[in-house]
Structures are given as structure tokens and as C-alpha cells.
Amino acid sequence: MSLKDLISPFFVWQRAFEKPYTVGLKPIVERPGAPAYRGFHINMSDDCVGCGSCFTICQNHAIDMVKVDGLEAHGGDSGLRPRFDYGRCCWCGLCVDICTAGSLRMTNEYAWFTTNPDDFRFVAGMENKSWDGRTGGYHRHPDYHLFPPKRIEMEMLAPEESVASFTEVAKGYTEEQAKLEADRCVECGICVATCPAHMDVPDYIHSIRDGDYEKGLQLMYRTNPFPATCGRICTRRCESVCPVGIQGEPVAIRWLKRFIVDQVAEADYARILPNVEADTGKRIAIVGAGPGGLSAAYYLRLKGHAVEVFESQAQAGGMLRYGVPSYRLPDPALDKDIEHIRSLGVEIHFNHSIGRDTAFSDLLDNYDAVFVSTGLNVPSQMRIQGEDHPRVMDGLKLLDDVANGKDPQIGTSVAVIGGGNVAMDAARVSRRLGAEVTVLYRRRIEDMPADTEEIHEAQAEGCIFVTQAIPVEALNAAQSDQVTLKWGEAEMLQDPKGGRPRPVLQEERMHLDTFDTVVSAIGQGSNLDYIPTEISDQLQIKWGKFIPGDYQQMVLNKLFVGGDVANATADAISAIEDGHHAARGIHRFLDTGQRG
Amino acid sequence: MPQPPTHSSSLDMAQPEPIDLSSGKYVKLWQGPQHPGITGNMSLELTLCGDEIVECKTHVGYLHRGFEKFMERRTYIQNFTVVCRIAVPEPTFNEYLYSAAIEELAGIEVPERANWLRALNLEMMRLASFLMWTGGMSGAFGLYTVPNWTLTYRDYILDLFEELTGARIYHMYIVPGGVRNVLPDGWKARALEILKGTEKMMREVDRVMMNNAVFKARSKGLGLIPPDMVDPYGIVGPNARAAGFKRDLRKDEPYLVYDQLDFEVVTATASDAYERAWVRQQEIFQCINLIRQMLERMPDSGPFQAQMPNVLHWKIPPGETYLKAECTRGEYGYYVVTDGSEYVRRVHVRGPSYTHAIAVMERLAVGTNIADIAGLMVSLHTYPPEIER
Amino acid sequence: MDIDWFQKIGNFGLTLLIVTVYGLFMGAFIERIIAKVQGRVGIPYTQPIINILQTLTRRTAISHGIMFYLGPVFRIAGGVGTLAFVPVIFGSETFSNFSGAGDLMLVIYFMFFGQLGMALGAGESGHPYAAIGIARGLSQMTAYEVPFALSVIAIVLQYDTLSITEIVAAQQGGWQHWTLFTNPIAVAAAMLAFLGMTGYSPFDIFLAPQEIPIGPPTEFHSAYLSLLQTNRALFGATKLVLFMNLFFGGATGWVELAIKTWAIYMVAIAVGVAFPRFRIDQSIRFFFKIPTLIGIASIVYVQMALVR
Amino acid sequence: MNSMLERLSKEFRVTDITERHPGLTTLTADKDVAETLLRELRDREGYTHLNFMTAIDYIERGVFTLVYMLHNYATKSTLSVHVNIDRVNAEMTSIHTLWAQAWTYQRELRELWGINFPGSPRVEEDFCLEGWEEIPPMRREFDTVEYCERTFTSREGRGTVNPREHMAEIIFPNRGGDK
Amino acid sequence: MIKSLSTDATLANAGLSAEEQDLFSNARPTAYEPYSIKAVEDFANWCRANSLWILAFGTGCGAIELRPLMTARFDANRIGVAGRPTPRQASVFIIGGYSSVKTLKRIVRSYEQMQGPKFVIALGICPVNGGMYWDSYNTIKRLDQYIPVDLYITGCMPRPEVLVAGALELKKMIKEGRCDGANRYVENFDWYKANQKKVIKKWDMPDYNW
């Protein structure tokens, strides 16, 4: 025991003359949590899509997805919101990190005490809490991700290569790529509601991760007998609502679908997929062998009904075959789907036109049910002078000719009028035929109804886009095999009612350009002439389209309709769902006699 | 330097004479779990003869939550939030080791910047933990001034943690794949300021506690760990270093960025309570020094998270690994076995307190005075939650 | 005569009240000083009083037997008894209590008495920590009583009286007459014993919360505890008054008393915040070594230098 | 290191020698030679530090794999010795004579896995649990959620809705794949 | 030698050995009435509120934030909060988060040894609904099934700031006379005991332990 040891402890008294360490008595007010503090939750309810990823990741089961008054489920939003149980939450913030919409974050509020433990439960963002207005608190760092925000890029043919042939542009995922892409799915199932066919998207993506492609195929055929086709050309509304896409890029659902189909050989289909049930003795006629008709045929056949399909063309597939160029949908892929349907015993009468070869009323008389999906095959008119000029051609005919192997004789400079998918197809087909292509569209690029990818690819392939251009007149050109197009520039006029802006022709800014061919691709209409008026008078038809009731059933009990001719969206997947749903309705009708 | 350990002498497992409680010579006394002298929630069953302890049995399990069981039914990402609860006063090592083990098994390479941030976190955690321990050690002997100081400075460091990680105690900052955030603006300056204050305070503590006649009288010679006891009992960390073993995982098997830092392993000669306190004292200064080095050399830009798969359905190929790091108590280890599924097959957490609080404590307690139990216990630096998990 | 006694008892009651309340407030004041060293604010000044009221208003209480009741009663009896024979204000008839010839012996006796009563009560509580605590408390008391008794003997020899009042009287007339200056050796021994008496570190092993939760009062609660707390304040203040009387010249007014007792108390605190606590064997050894030697030295010094 | 492993595989028939990462090697030994092997490793090869011992329940194979993690401070290498023992009447030689800390682990293994270590001190005493009446909780067949529901009560009023099913119900009740 | 608290019913104390049964009372606890004079009761409550003695029992993680609370930075002594090492004298029991079944047994014993009025603060999420240990086989999920709880403070862990605020809230509640946990325990004694015995399998202690 040295003297130093006795004296030095008295240095504690130094501290007595300094300010105390103690903080004030209202520390919550004086000391809010740090700017990044993980305090109580707040949810921007408007941004939230109710995907339930927070529920999935929470290891404490602290989150319930609950229905909230005033919120309805609609496409892209389940209408559910997370309810937090602060008898479970550990404030790890994983829910914030995983939040696909980026709507959930934490505030730096941390004080909550009560005498009733049942109080600790609230729907964040929907109930008034003292921390609602707070700005500080934890949110995910932009460079920090719990799932990859970027999708695996699909390998595409280089534009200079793709423009030279009709080879399929998208090369398809490798197994490794597909697994990585499938991994990005958060399995929320929001897409299922948005997909017109309500495909079990998360489930078949799951099967990719498991490497069980046969199961994936089974899952897809539950709702869609055209997976190879849809895996290539689907309009993929699922991806537009994919929550992963809100802060990153959506999961490439379409390519994953394609990947599954590509992994399974057609020869194995019969083994993997469900077989036909026992014969029911019912006969069903289907008009049109497009996606809608064949989809109905497939599901009806599975139920054991005898199905006959009447197709006016020489091959099945309808618009898929004649409207979609083969660099997007190669024939083998389409054939794979159709062959499987035919292999179940669906009989297709080719080159058999209803109204010409068989009367429509005969169908109704001879069959237990009739499903009509004749599609939209009449091009819309531009309603300009000179539309009947020989060098003005409609886009569908161009595509049809190319699909049938005919040379459409378009020359070397082509103007394509329109901004839809058909216009893009026509433009790109024309490029492949060796023409310089100018695309004229009345609105802006972002207003184009065509797929963004299509537009980009068309641009990459050298199509020139002229927007806000309204064709006015087709004139005879100096040379007889050419046409001069008169078009005017347009200004976008805002709609005072908040609708989409309207293009207004500027009379003073007119142009004259000469092309070898002008391709008009501004839409299609239907041809229902095969239906006798005494029948069609009974039906609800508007603007050339059927208006079906429940289960696609018309007022005539036996008559079911579907496809482009009966829906507003006019895309393959909707047609497929129409067919499926009609099949469901027909089966139900035949089984129980119930109307929809 | 101590002699290389021999094994026969210290493996004295011969049962002592049975204690006949009915003889009236002995008193059975429970310390804990409701007892202010016990660190955390555990208890000692002491048999006394007069003031002297003739038998000590450690009872644990008051904090047993069955982590290793329920981790087997949580996904890999979910487990990362759970592990930090295993050692309450020093959670970061759990986060780091769990993440590192998962990364090794999954074959993920962590970016350099994340490694620096992780090391910074670990070292700050060590500092905070040591500060709390200093308070506990001084409090165990009845000097209540020092705990007030050190716990305040620990709190300042927790403030830094709060700013960086978003939480005071359970940071959940080190995540498989990297870290969750980067240093906020101005954080470095604040950190340096606090380090300066801590250093100044620790010099005062040095005067008041380490150079204190009564403290020396109490702690010198208390709970002496002979060198030949170290290996059979698996004694690690400052407890072993105080006995002269130059063993420090940061030096021996450097992880993260420790091979780029400049520091010396602190050792003493005789591992009694005082020397152990002295070693920890020196390591506090070492921590401060290391944090300063890190702040100086840490990269300020670059990625801080590796490319991660979607954690919601993260599968890790079958494998097995054992990773360890030097926490304040010594070797903290994670043994992880995976079987290719989305769930971990087996996790074993090796907390250094496991042996320190049970086997070592039971042996060292025999022959000491009842009054010294609290001090002895603290001097071994045990955290009960990591014993029973 | 009878009236006189009533008045005396009344006066004593007043003194008792003042000293107790003063003790409580000073306790809080001292706590705040300790808190200041620790870098914090500390308890409100009224906290000790509220604590007593709080324990007093507890609604349940259990007993371990008759001695358990009597423990706190004996304890406070010790405190009251001690005060009864200590003159508080020198020269004041009202506050001189029952001081008389030989009161010093009575006071020392009463100081023991409380502890012993406590020992019985704590023993009856049946809690092992209480038993350990009381064993330690008694042995430590025995230890510090030795130097204290030696220094008391020294000043008794010095002033040649056993009356506290006379001892105080002998110290009047300026600071240079205080025992502190006339017999510093005895004061040194007594002040070291005082460290043990107050129960601050390093001599607080008998109620060390880290080891034996709180020592003797472990089982005491509710009203029992409030008695003990009251006594702690009263007894603490009484001891200070006694020390002030014996060694620091007494007080002629309340302000002087407050300053002097506080200063004496600060000696214990100055050491208390700086040191951890001794083990019981260490503290006994401590008291039996240096303070005892100083105590003996003080007697020798008195014999050699002061008593002709 | 390699020569040692060769010798071990010759003398002790250890199998499955795998290097997991530099410094960590796993190997499997037979139950009957395990104690001798561990003693040999400790005394001759310098693996003086027992990091821990634990068990893995391979219920699908009907074995417990006991893991002894040994460390050599001189060569900085760690050896993980696996010993497979039968799940039924699981029993293993106690190594408390080799490492003084081992009996703690053995108590834990006894309580949480039900592996017996005859001769190990206080092995039958309660360790973490108190009055446990079920099968040892760390065994794979012990279902902790089921046990919790049976024993404890959670707060009422919870319940979640699956977004996908909810949307199916609201948006397309009769569509999608057949249920 | 034990003062019986009530004589109307007896407890089983069956788990005890014969010699230990003599040591414990068979009496059930009794509820206490407030003072008949309201002013006295209010004053008593004011005293109780301003002198909160916390039992020094770190039952779980929560204990980690009690240290900053009681030391210089947050210094709960200012508001009359003090630690008390023995349950006899403590009036507030802070349950620091989860409690394992083994700890629950000690919590029950300590709680019963506290003298009324006594208050229980449950820290964190685990006493509310199991918290992160909702599927752990060894922790209880709802503390209020085993002992009455007066105030819940959420957080994991609740920060010392909230503890200060919580203590102030408790003071307010006590002053208003709203904390009657101890009486609730007495009134629903059998229900609490049944719940306790359901999870504490090794019941080798007296049924009630005052």
C-alpha cells in the first residue's frame, strides 16, 4: 500500500466541480432519436401496394396484413395494409428494407407506454399516431438491397444482326440466368390478379428456383394452354404491377415463362400434363382457332367434351400466326402449344369458314354449345383522302403476307402510320425486308400503345420515329410505284378535364414526303357478317364487339364468345382467359344447366 | 512468460469430501438470480464454512431462450436479427460472426468498405463493453463513482451507434452481405471528440480505481488463474492474456481489417482480478487507438453491400464452418452447419462466458471469501445470456 | 420538580425532532454531494422524508416474530437514548437534553445498545444475509470502538471529566482550545473510527449491496424500515453532534452546529466516494492496527504532555 | 498437418477429411476410438484447446453427430472431430478427464439432446431447463411452435390475410386455376 | 410464529417437503383497503409515487438499460427512483423483457415477497405478446397471465429516456390511485396460480410466499 495509492483516489473530487452528465428530465423531447433511428413504423398508405413482403420477412410474426376500411383490392394493390403488433416487433427494420413499394419506413419516435397491452397494435399510416408527421427515422439506404433490384438482361440479337433476318430476337435465358431472375420474385402474388388469365405466377417462378420445370409447366397449363406463345409475346400486364418494379425493375415474368416451356420437350407433355377426362358425350363447336378458341377447346377437351374447331385459314393460331412476325414468335413455339392441344383430340377444320361453308345457325342447332372467337381481322380506316391508293397498304396484310411466305412488294422506303404493336411489327418487318422505315404517330412516343421494348427495339433496328405527325392525304407521287404522303405537325393540347392530351393539327406546318409504300396500322375491327341478323339482333353487340355476360355467355344460352371480338383489351392473354372462362361456363352450363 | 501448460495437474477432477450440511458447520447460501452482486440473471449456490466458500455451483438457464432451436426454423435473413440478442451487452459480435459464417457458406465476398465498417463496429462495441465492465468491476467492490462515469461514456458511444446503426443496444447493422448504412455526415468528428473524452475519463479512472489502495487490497491475489489451468478450462481472452498467454485472435488469425492495423497484444503475468482489470484497462486504450486508426484509413466511398440474392428464399449449399472473433471476453465463435435448404441446420454459439462462468468460476470461488464473490465474478467478465443462449 | 421534568422531556422532544429532521435533510444534502462527484444531479432534498413516509404507508407487513418487532424499536431506542445524553447546543438550557455527569459513558453504551437490538431483530428475521450482515456489523463495531474508546479515554484524561457538557465547556474560548488542536492525535484516532461508524466506504461491508443485498435490514420493510430509516438519520446526526462536542468545540447555535457537523460528515464522504470497501477481515485488521496505535499514542501523549 | 491427417486416418481410421477453409478441417471418427483420438490430438498434436463440443441431430439418418472442436494455438489450426452416435439410447464416453470444462457441455448435451455421458460430473442435474417433461428440446422431432401453442397463450385478435388469396376472392372469385 | 394474513382458506403448499411446510404460512393473501380518509390516501399515494423503489432483479435484456437509467446520464434518482436490493423493501418490479420459465418462478416468488402496494412495469415487447421469442419453448408469452402488470413500455429495448418517461407516467398513475395490481393479484389469486402452475413444471415452492 503505497502513499500514491492512498492519495490518487481523491482525484475523484475533480469531477465535483464540473457540470453533471445528466440530461434533462424530458429526454424524449430533448433527445429525439437519431436521424436514422429505427423507431415506430409509418406507412405511406397511398404508395403501399399491400404485397405482404413485410409480413413474409418478419421473423416475429409481428405483422398482419389486414383489410382496411376504404381500401379496395384492385389491380396492383391488394387493398391490405400491414398491421403491426408491438408485442412482437423487434424494430429490426427488415420490413422497411424489403418493402417493395418503399412506402414503409420508421420514424425516430420511440416512446409509447400504456396500461393496456392490447393497445400495441396499429395499422401503420392508417391510424393517427403521434409520430405521423415526423420526417426523421430509418429508411433503406438506396444502395442497400435485400433482393436484386435490376433484372437479368435478356440477351438479344444485336440490331444489325436482327434486322437482317426473321430469326427470333430474344435469345432466351440460360438456366443460370433464369434462376437468378426467378430469385428476384418476392412471391407476393399481386400479379396473379392483374394477369387476365390469373396465372399462378409466383408458383411457377418458384418451380424454376427448385429446378422443377415440369411442375412449372403443369402450373402454367392450369390457366394458360399457350405458355410458349405467351412466354414470348404476352403484353405482360403482370410485370406492370410487379411490386419489385416499383423501386427497381419488375421480374421478367414473361421470359421466365418462356424459359420453363423451353426446358420441357414437347414429347414429354403428354406425360406431364393432365389428360382428358372420361368422355361426356357433349359436342362443342368453336369458331376460330386463335388463342381464345383453342384455349376454350383445350379446357373443354380436358373435361371430356368433344370439341370441333372451325378455322377459315389454313393453319391454326389466328392472329398469333398471321399477325405476329416470326422474329417475335417463331412458328415452332406456336406449334408446340397448338400441337399439344390437338394431341388431346381437338378436331380442327381448316379453311372452313362459318357463314360460307356452314351456316352459323346450324352450329347452334347441332352442337351442345358454341364458342365464338373470330377476332379482329378488318383493318381500321385512316379516313384520309387517297386511302385507296395502290401504294397504301394495311399492316395486317403486310404481316399476313410475310407469315404466308409471300413477298408484299413494299419497296425500299416505307412509312408506317400508327403507334401500336401492329405498327411496330409492320415497321420492323419492313426493315427486315430491306426498307428504310419511318414511323408516323399522332401523339408522343410515351403515348404509344405499343410495348416500350418494341419501340426501343424498332428504334435500335433503325426505324425513324416521327411523332406528333398526322397524315392528311395520300397523293400520287411522281413515280407511279410511289406515294406521296401529306402530313401535318400536331401540337398536344391539354385536356381541361384531365383526360389524355389531344393532338391538334397545325395547318401551317404541312409536309410532303414520298415513300414506296405507306403502311397503315392504326387498329382493327371485327367482321360479324357470318351471323345472321335474326340471331345478331338478339345479341348485345356494340362497335362490332360482343358484350358477353358472366362466363362469356350471351343471351342465347348455347352461345359463348371470347377473344378480341368480345373484349376491350384485344390481346392474346385476354383471349386465352376468355376461352378458359367460357370453357368453365360451358362446362358448368352443360353440367348443371346453370347460366352464368 | 509462463511455462507451457501441462495438463495433468490442473485436471483435478477428484471430488472433494462430501459436504454434510446437517453437521451445522456449513451454511448454504444462494446468490442470485435476484441479487445485485450477480452479473446478469444467473445464480450461485454457495456452501460456506464461516466466511469461506467451500463449494460453489453455478446455476444458469434463467435466460435460456432456445436460440439454437428456433434459429433452425427461421430463414437466413431472419436469423440475423435474432442473433444479436444472444449476448445482450455486446451484440455486434453475434451479428458479425453469423453474417461472416453465412457469407462463407454462401460464397459471398464482402466489399472492402463494409469490412472496415464492420471492424469499426466491433471495436466500438468492445470499447462500450469494456467501459461497462469497468463500471461493474468498480461497483462490485463498492466504488460507485466510477460506474457513473464509465456508463455515461458508454452511453456516449451508444449515441454514436445510434446515429450510425439506428439503435442503441441491438444494432442489427452487420447483415449477411455487408452493412446496412454508411457513416452519417460529421460522424467521424463526433466520434473523435467522444474518444478524446473517453480517453481523458479513463485516465481519471486509472488514477481512482487502478491506483487505489483499497481496490488493490481487494483485487490482488483474488481468483488467481494459474497458467496450467488455462487450456484445460478453455480460458480465453483477457483472462488468459493476464496469465501471460499472448493470444489474441485479432493478431493470431486476423479477420476483417485487423491485419492492416497497428497494435500490440496486451499481456500481464499473473491472472488475478487486479491484473485482469489492468489488461482490460489497457485494452480500452487499445480500442480507442484502433478506432482512431480505422477512422483515419477507412475508405469513404464504394459499395458496402455485396451483390445479394433475394433473401426471402435464400438457399445456401450444404457446408459447415466455424468462425471466431476476439470479443471483450475472448474467443466468440459461431459454428454453422447448412444442409442446402432455406433454413440453417445447426448453429452453435460459443460464448467465452460459457466456461468462464461455470467451470472456471466454480473452481476459483472455492477458498475465497463470500465478500469477494461479486468481484471475482465480474473480474472473469461473464455475460449470462451467451452461456445459455 | 415535576414541572421541570415535563419541561425537560418537552425540550428533549423538540431537540429530537430538530435533530432528526436536520439529519434527514443533511442526508439528502450529502447524497447530492456524492452525486455531484459521480457526475449527476442526485435526489431531491425531501427524498429521505418521502422515503420514510412511503415505507410508513405501505399497506402490508409481515413479521417474523416478536424480536423482529423489537429490533427496530431497540435500534431507535439506541438512537434516542444516545441523543438524550448528548448536549446539542452548548449553553442552551433548552437543547442540553439530559446531559449530566458521566453522560459520556451512557452515550457510548447507547451507541452499542442500538446495534445489539438490531442484531436480535435481524437474527430473528431468519435471512442469511441479515445474519451475515449483522455479524459483520458487530465485528466491525467492535473494531472501530477500540480506537474510539481509546481516544475518548484520552480526552477524558485530558479534560478530567466524564461529562460532555464539561468537555465542551473546556473547549470554549476560540478555535485553539478545540480538542482538534489541543489533542490532534486523539482526534485522528477518533476520526478514523468515525469512518467506520458512518458506514461509508471503505467500511460499509456490513450492508454491501453487491454481496449481502443490504445487510441487517434485508427483511425489514414497511413501518419497521421507516423506523430504521428515521434512526439512521437521527443516529447519524447524534454521532456528528457527539463528535462535534468532543473534538470540535461544540456549538453555541444551530448554524454553528450545522456547519461543524457538515464539515465532520464531509470527512467520511471525502473518503467514501474515493475508495471501494474493505472486506470485513481487512477492515478489522485496519482498525486494530493504525487507529488503535494512534489511540494508544493519544493516551500516552495526554499522559506525557497534557496531564502534568 | 497433412502428415498428421494421414497418420490419423491410418491409425484411427478417421474418414471424411475435408478442409472447410484454411485452418479448419473436419473429420469423422468412430465412436469407440474417439476418446483415444482426442487424447492423442491433445497430447501429441498440440490441440490443447477445446473450443466447444456440441451435437447435430441428423434425424433422417438416425444419428447424432457429436462435434468436438479442437484448436492448436501453435499451428493456428482447428480440427472438427465428428463422431456419429446412435440416436436411440444415445450415449458417449465422457471426456471430462481430458478437458475440465467438458462436463458443462456434457450436461448441456444431456439435457437438451438427451445424450448420456456416464461418469461425467453432475450430468443428471438441471442445466438450462427446470422440470422439463417433454422430449429434449434440441431434438429435431421436438416441435417448438406446437409446444408453445400447447403451453403458453398468445394474445388474441391477431390474424392475417394472404394478399394473393384476398385478391383472388375480391377480384376474380371464379377464375384462375381450378382450386 | 407466523402471523397469518387470512384464515378463510388455506393453500396446498404441496410441492414442499414436510419440514419446509412448517416454514411457510398456509394463509392466502388479503387485499388491502385504502385509507378511509381520502386526503390521507392521496397523501400516501403522493409519497408512494415520489419514492419508487425498484427491485434490483435484471430478469432479461431490459436490465441493460437500467444501468444507464440509474447512473449519471439519466439519473433516475432525481425523480425519486432508487434501486432496492431486496424484494421486501422494493415497491416497483421492472420485468426487463422476456422471462424464461425458470426466471418466472423467481419472479413470482420475488413479487409475492414484495409488500403492497406494489407496481409492475413490463419493459419491451416480450411480456406483451412473446416478442421475438414467440416460438421459444422456454419463455412465457404474456406476463399478465402470471402477475398483474401496471404499465407496459414498448421498445426493444426501451431506451432510458422512455424509462424516465415511463416512471413519470407511473407516478402519475399512482397519484391518481390507478395502480391496484397487488389487489388484482389477490382477487384473482387462483387464476394466477393456475396459470403459473401450468408453465412452472417444477413447483417446489410454497403456493404463496408473502
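Per-chain residue numbering starts at 1, and chain names A, B, C, D and E are given in the order in which the chains are listed.
Note that a contact is a pair of C-beta atoms (placed from the backbone, for glycine too) under 8 Å apart; a residue touches a chain by one contact, two chains touch by 3 or more.
Bear in mind that the values here come from a model prediction, so they are computed numbers and not experimental data.
Student: Count how many hops through touching chains it takes, at the least, to reach subunit D starting from subunit C.
Tutor: Counted as steps through touching chains, the separation is 2.
Student: If I average the CA coordinates per chain, which chain comes out farthest from subunit C?
Tutor: That would be chain A.
Student: Closest chain to the overall C-alpha centroid, by per-chain C-alpha centroid: which is it?
Tutor: Located nearest the centre of all protein C-alpha atoms is chain B.
Student: Could you tell me which chain lies farthest from subunit B when each chain's centre is the average position of its Cα atoms?
Tutor: It is A whose centre lies farthest from that of subunit B.
Student: Hey, how far is the Cα centre of subunit B from the one of subunit E, in Å?
Tutor: Centre-to-centre distance between subunit B and subunit E: 31 Å.
Student: Roughly how many whole angstrom separate the Cα centroids of subunit A and subunit B?
Tutor: A distance of 54 Å separates the two centres.
Student: Measuring centre to centre with CA averages, how many angstrom lie between subunit B and subunit C?
Tutor: Each chain's C-alpha centroid was found; their separation is 44 Å.
Student: Could you tell me the distance, in whole angstrom, between the mean C-alpha positions of subunit A and subunit E?
Tutor: Here the centre of subunit E sits 59 Å away from the centre of subunit A.
Student: Note the residues in subunit C that touch 2 or more other chains, in rising order.
Tutor: Only 35, 37-41, 209, 213, 273-275 qualify.
Student: Could you list the positions in subunit D whose residues touch two or more of the other chains?
Tutor: Within subunit D, residues 128-130, 137, 142, 144-145, 155 contact more than one other chain.
Student: If a residue has to touch 2 or more other chains to count, which residues of subunit E qualify?
Tutor: 56, 71-73, 75, 78, 85, 102, 128-130, 132, 134-138, 142, 156, 159-160
Student: Using the contact rule from the top, write out all pairs of chains that touch.
Tutor: The set of touching chain pairs is A-B, A-C, A-D, A-E, B-C, B-D, B-E, C-E, D-E.
Student: Subunit A touches which residues of subunit B in the complex?
Tutor: Residues of subunit B touching subunit A: 74-75, 77-79, 81-82, 145, 148-149, 152, 159, 162-167, 170, 172, 178, 180-182, 184, 204, 207-209, 211-214, 216-217, 303-305, 307-313, 315.
Student: Subunit B touches which residues of subunit E in the complex?
Tutor: Those in contact with subunit B are residues 55-61, 63-65, 67-68, 71-73, 83, 85, 87, 98, 100, 102-103, 106, 110, 132-133, 135-139, 156-157, 159-160.
Student: Please name which positions on subunit D make contact with subunit A in the complex.
Tutor: 155, 157-168, 170-172, 174-178
Student: Provide the residue numbers of subunit E that touch subunit A in the complex, in ascending order.
Tutor: Residues of subunit E touching subunit A: 72-75, 78-79, 122, 125, 127-132, 134, 142, 144, 149-156, 158-162, 164-166, 168-169, 173, 178.
Student: Touching residues of subunit C toward subunit E in the complex: what are they?
Tutor: My answer: residues 31, 35, 38-44, 47, 50-51, 53-55, 57-65, 209, 213-214, 217-222, 225.
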